[in-house]
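First chain A sits with chain B, and in the next complex the same chain sits with chain C.
Let's turn to the complex of A and B:
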């Protein structure tokens, strides 16, 4: 028992992995084997990068002690800008880069407003949620523009891997997950991010450039959201102005399910991915087991509360056992 | 004559209309341990924040070994060998001991400037040594700070300052919330600073602690230095009277 607690303290996201295995078993049984079929896994893994990227960005930002509620809107505006540029004749790669620069600018604005006026990022980015969503609808003219038919998006959407199990976007996602995980767990900047979120005054007194660290995290978060949006739009082949609606809260849910603390300083990239995957699995599993899909939000909500309550309880208990021992 | 190690000349500081420091002048000699006492709002914290680069003075000059310096940030202060242990802003409770020891000064295995991949092996190794050097006994450098007692945390903060070879160690209320035994240990450490070639400034509410561990007592009130005597020439009663 004590060893279990020790493992939990060191790798809190493993609790999520255990839950994932359990849910997969339940859905597999409930769907008479359809859940773990190649076709269905293709569906889950094809969608995972989109919400997964947003969750990673939101998680890193939460670890440094801030929130971003505007990711869902950035998820829509970035591919909208990229699509309009492509339609206007800009080469696709340049359009993607310009779209991501726009996302970075939104992140910078979020951070700049939050830090300069010393207001909660919750409020600053809530405002940005409306502003960016409105801009998305305005520039689209109310009608989703169509991407040119000859645009090749295979770098993101084609199926690759054994049995065509993944879309190419999944490879991008794995690479970005690895890079983000290295940044957070193995780099000096990751140490500063955790210190900034864990105890701002101490980080500052030790010479960590806390303002720049936060700005960086805001920008990273927005770029991740924008990239996730581009991947989704390339899959759908049209930038709907409404995509990403409600994604900001799903990303927060994924983060906390994966063990990220709301108070900052604690969390992992792997946890964010596990959280996002759990949400996708629930969404898909309910359909596969022919449960009314309207139960999806109830399930995610329950899981979120359960995850935070149990994480809090486990952390406290584990600590008590350790101190007593 | 050797100039004082650190010399503060006519420092003024205003906060939103409040004159927090009114022309403070203080010389600290090398290997001297100065106890800085005074009531809340006397200006002690403002003075040490200026020395550690957290705040900048509005007027006045700071000299280190006779050279005028501008301590524009905590990093600059550390470069001059000034390390500060704040009463509750030294450590990040959610991080491990090893990570805490090297916040902002991580040993890198690959990188440009301060940004790069942390050399975790070296960080752990140096953390173990830094902790052992201050005679602190902890099970593992990977333990979380939140698992340590107040005294152990203070010990880790001290280990950090000593590891980075501080010349001037500023301790802000280091004995707050500590047990009697832990307090004695911290005070013993302060007393031993000169033997290690370190100059100390101890901020404390407790006059007994100051008289036990310092060479000299400096008292502040309303933004000015109102008392400055060698410990051998004064008593708790005399210092209390001026506060």
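Let's turn to the complex of A and C:
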């Protein structure tokens, strides 16, 4: 038992994995075997890359000691701009790149305003949430445009893997998760991010370019959100201006469930992925087990709190055992 | 506070004022009607952009000063109340508004009456209580009968034999528009159940949310648990995402029947592909256009506003091409 807690202390996201396995077993039993069916796993794994990418971006930014509440709006504006460019005749690849550059510009604006005027990123990005959502409505004219029928999005949407279990977006997601995880865990930039979020003054005194590090994280966060939005719009073939509404809270919840500290400096990319997957599994599993419509949000909220509380308890217990040992 | 700081504050104040001026419409002229439309939806909802287009077109025709005020949060009653208060403080000639709650707007409507402001409910009416006495007319859809029509039309398409399982998707639990439509749908389906006592009919209700990706995921989960599902009927327009999910699962059009409310290009596209069988439209353009005309008639020639049922229009895939043209113009 003591060894298990030690392992947990080294890999805090493992608690989320354990909870994930437990919930999957409960939902599988409650749904008479339908939860782990191919069709249902396809549904969960189809949506996961979209919310997962946003969660990874938000997690890295939180580790750096900042928040971004505008990710839900960026999630909508980036694919809207990309779609409108495609409809206007711009090649899809160029439209995607231009869309992501727009997302990077939003991230830069978030960082520049936060750092230049020394205001909490919580407030700066809250303002940006409204600005970007409004711009989404303005550029679309309020009406959702129709993507061309002959637009090929197979690089993101086609089913791949054994039994067509995944979409191509899942491969993108895995590659980005691996790259982000390596960046955070094994590069000097990763160390700078953790140092900037954990001990800002000490990091600055040691020569870490904290302003540039934060600007990078803001831009990375927005680009991840924008890319997630593009994948979703290509999957649903529907660039609605309302997509991503409330996604910022889900991303923060995923980060915290995955062990990211709200105070900054602590967290992992894998934890963010596990957190996002847990939220999707809870949502999906409750449908499977036929929770009444009126009680649905209560059930989702209760399970989310349970996930965070159990994670926190495990971490404290593991630390106590380590200290005692 | 330094000189530069004061100067920067003054400049930023001037900037905000200039921005407000630039974003505001033309200054009110004395002889023009001032009409305000407050409702419960945010600007990112495409349905309300069609209402706004009708409202703006009507205002242009009678050269009125008009403003439609959206909420920041979808379905927020408190924000709509605050917007009504702000609008009434300017003493407009008319307030067009949605009454999504039977009690929340009573004080504002009394205030409007005291000030001589014409009040017309549009899109959503109060289901009872004093608000119905305080507004002069209602232009919109009666949700329960419209839901019942959808339930009945969908039931008419059910297989003639074997068990029936229907999922009713509630997009906004607790909100009048969604709950009343769901109530109507359930009533229509219950009629079918009573008329077929020897058949096994299961009707489930689910909070599917008002986010296309989540709707698709939750309905997908339900279908995984119940592959024998006959139909999915929704209170909103997000079932076009369900249609796409069915296509991804290689489920042919018509195997699981789909129906819902309101028209958007994405919905019409799925009607054309055969996945959506029945759609109820409430004519959002009319809900923006007609109340303005009623205000004009009351003010200019003394004709009192009257109730108009803008819709329980039933659409089927045969009309999809014609509808697509209107939807692209923002008229449907």
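In this section, the second predicted complex is superposed on the first by the 299 of 325 C-alpha atoms of A that agree within 3 Å, B and C clash if a C-alpha of one lies under 4 Å from a C-alpha of the other, contacts with A are read in each partner's own complex, and residues count from 1 in each chain.
As a working rule, contacts are C-beta pairs under 8 Å (C-beta built on N, C-alpha and C of every residue); 3 or more make two chains touch, one makes a residue touch a chain.
These numbers were taken from a predicted model, which means no experiment stands behind them.
Aligning the two structures on chain A places chain B and chain C next to each other without any clash. Applying the stated contact rule after C-alpha superposition, one finds that A:317 touches neither chain B nor chain C. In the superposed pair of complexes, A:302 makes contact with neither chain B nor chain C.
Legend: residue contacts after superposition of the two complexes on their common chain; A:152 is shown touching neither chain B nor chain C.
Once chain A of one complex is fitted onto chain A of the other, the partner contacts of A:130 are limited to chain C, with no touch recorded for chain B. In the superposition on chain A, contact is made by A:191 with chain B only, not with chain C. With the two structures brought together on chain A, the opening angle seen from the C-alpha centre of chain A toward chain B and chain C is 140°, to the nearest 10. In the superposition on chain A, contact of A:47 is made with chain C only, not with chain B. When the two complexes are superposed, the chain touching more residues of chain A, out of chain B and chain C, is C. The gap separating chain B from chain C in the superposed three-chain model is 11 Å, by closest C-alpha atoms.
By the touch criterion stated above, chain C contacts chain A in their complex at residues 42-46, 48-50, 52, 72, 74, 170, 173, 204-207, 210-214, 216-218, 220-225, 240-241, 244-245, 248-249, 264-266, 269, 330. Interface of chain A with chain B (complex): residues 9, 182, 186-192, 194-195, 197-199, 201-208, 261, 265-266, 319, 322-323. Residue ranges on chain B touching chain A, taken from their complex, read 52, 54, 73-75, 78, 84, 86, 89-95, 99, 102-106, 108, 111, 114-118, 120, 144, 146-147.
By the touch rule above, chain A contacts chain C in their complex via residues 31-32, 34-35, 37, 39-40, 42-44, 46-47, 50, 76, 130, 133-134, 136-137, 141-146, 159, 232, 235-238, 240-243, 245-246, 280, 283-285, 287-288, 290, 292-294, 296-297.
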